[in-house]
């Protein structure tokens, strides 16, 4: 397994999601947490670029942060939801972690 | 005189400059401070949108912050540089101030 | 003219408090009256006397304290924000049963009403934040 | 597996320390060893015992202290970052001639080498920040 | 203090990722006692503050979203939400809480507090304020 | 401790607006004593950290940019700057400090420390690391 990237900022507010998409290798995984989970939402101005990335990368989002922000019903197909236990599992299943703080 | 807007974040990093341009009225003034001064630079991916805004709004940048970041020689034409005394003067010459923090 | 300043970030991490300080100083030099400097959010961390920055760096806390002493500046830390973040004066120490306090000279802790009052009483309110 | 955690932001202002806490707890529950939690930048502000959050809110500092007591967690505040921001233990109090200290139970102050060591000794290092 | 000023609170950040949304609401609630002319604007990620269905149990933080529905009782009934911000996020008014107030001049008729406005309309509204606090 | 790991420091923020650039450099300098395999990447606004001509007198902060030229003395000579980040900001290698190191295997010949790499090249480099610290 390769690298796990985490993104914790809103794709509408900061450049970190964009930079993560640009600088993550094919086959790597991206986990959206905190305000980063807005990138998991269907029908936004960034949805297309996330879908494009999902062709070569696996995208996860933290269920707890999705729920907190009231976007439970809006997650796009193909994004896998994980809880904190799943977050830990992703960290151990990948060789290393890069946080796009 | 109308409103003075201040922007202190890099236009490459955060959405605040964009929001300021979208939500400031014609005839208002924009002062770039801190990392916001990168929006004053010539030849970047945001220069065109700043130039477009300058047709209806006056744009200033804080000299001290420009110097600190080494972009002294790159400020685009039409942007007026002010020091802290000039910042104070702008605040008093406008009716109110909105900080796009 | 009567000005008030709001500072939303703590010392060193963000430039907000440096910018606020430089602005406040320039405003005083230009002859304006500073009604109040209100520290909100992490800004309350500017009011701790426990800082010891490196010798070749500015001391952000001392600078505010000195400006306050010279010009009788009203430096107010929001009480709700201060409680969350661990800024304590003698009154708060007693109220919350703490074993000490860490507030720096020139600062005082008070309510959010002081910010609203600053907005009402001042000709301009300028916000510095992240 | 051996994990280390880095926390770059203080309590309440950013979710980083909440996320780090929830992650650390889940990692312990999954049977992993936590080699160290290193607090850098404003993250050092998590280590103050002077916080008094509202009664209906979580106490972020106490939560870390309790987790440390239960699981013998090594909670390290970076000394350089702590000095800038006013986090003081007994040693720092003496060294920098302060009239008190504000460090919470379970935390200790040490050098940046502890972060590098965590990177070397741990199987994974996970960073939480702004 | 008999001055009455127009205060606008501009909320631009999502809830929970940072505390700005909550500490902004604390200012609004305290400020209500000062009998100023208060309005709130929600733009950019600030529109998520009003999202329905927030459930914070999993992150261990207090869900403060019910507090917005109390704003009407504090005579705060000018709540502007920027249309462009909603659209960029694929949201509509339906995704937000239904905030109302009771108009004592019209026999306590219940009225909507939220008005969806365009960027241009909001820019004009901002120009009419005396004090702008941005969070 | 005889383990040698590949450490990559990713610098994404401009200097002075926040302290991340400076406190990242403090980690790099301390970390040099641990004899790990160290590389630095400058992407996004991080490229401004290396800009020539920084003059901080007016803002009252310490100018730490001269410290980067000492990195070669600490055997830190793999400094990657992302091409796309430079271009988006209208910058070229000419706008950055000229950082060098002396290669003891080649009679202390002076060599360039900075390598401009594409996004794709940097993504590959990141995959080869053991520990990534992002600032």
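Every chain is named by a letter (A, B, C, D, E and F) in the order it is written, and numbering of its residues begins at 1.
In this section, a contact is a pair of C-beta atoms (placed from the backbone, for glycine too) under 8 Å apart; a residue touches a chain by one contact, two chains touch by 3 or more.
Everything numeric here is computed off the predicted structure, so don't read it as measured data.
The chains in contact with subunit C as well as with subunit E are B, D. Looking at subunit C and subunit D, the chains that touch each of them are E, F. Comparing mean CA positions across the assembly, the chain most remote from subunit B is D. Here C-F and A-E are compared, and the pair linked by more C-beta contacts is A-E. The chain with its Cα centroid farthest from the Cα centroid of subunit F is E.
Inter-chain centre distance (subunit E to subunit F, centres taken as mean C-alpha positions): 43 Å.
One inter-chain figure worth recording: subunit D and subunit E are separated by 35 Å, centre to centre, where each centre is the mean of the chain's CA atoms. Separating the CA-averaged centres of subunit A and subunit D is a span of 26 Å.
Within subunit B, the positions touching two or more other chains are listed as 8, 12-13, 15, 34-35, 64, 83-84, 96-97, 99, 101.
Multi-chain contact residues of subunit D, defined as those touching 2 or more other chains: 12-13, 15, 19, 22, 41, 57, 80, 125, 127, 129. Within subunit F, contacts with two or more other chains are made by residues 16-19, 44, 59, 61, 131, 134.
Chains touching one another form the pairs A-B, A-D, A-E, A-F, B-C, B-E, B-F, C-D, C-E, C-F, D-E, D-F. Looking at the complex, you find that subunit F touches subunit A at residues 10, 12, 43-44, 82, 84, 119, 122-124, 126-127, 129-132, 134-135. Chain contact summary for the complex, subunit D toward subunit A: residues 1, 3, 8, 15-16, 19, 22-23, 25-27, 29-30, 32, 123-130.
Only residues 10-13, 41-42, 45, 48-54, 57, 61, 80, 83-88, 92, 96, 98, 100-102 of subunit C touch subunit D when the two sit together in their complex.
Those residues of subunit F that touch subunit B in the complex are listed here as 13-18, 44-45, 48, 51-59, 61, 63, 65, 88-90, 95. Residue ranges of subunit F in contact with subunit D, taken from their complex: 1, 3, 5, 7, 19-20, 23, 26-27, 30-31, 33-34, 36, 131, 133-134.
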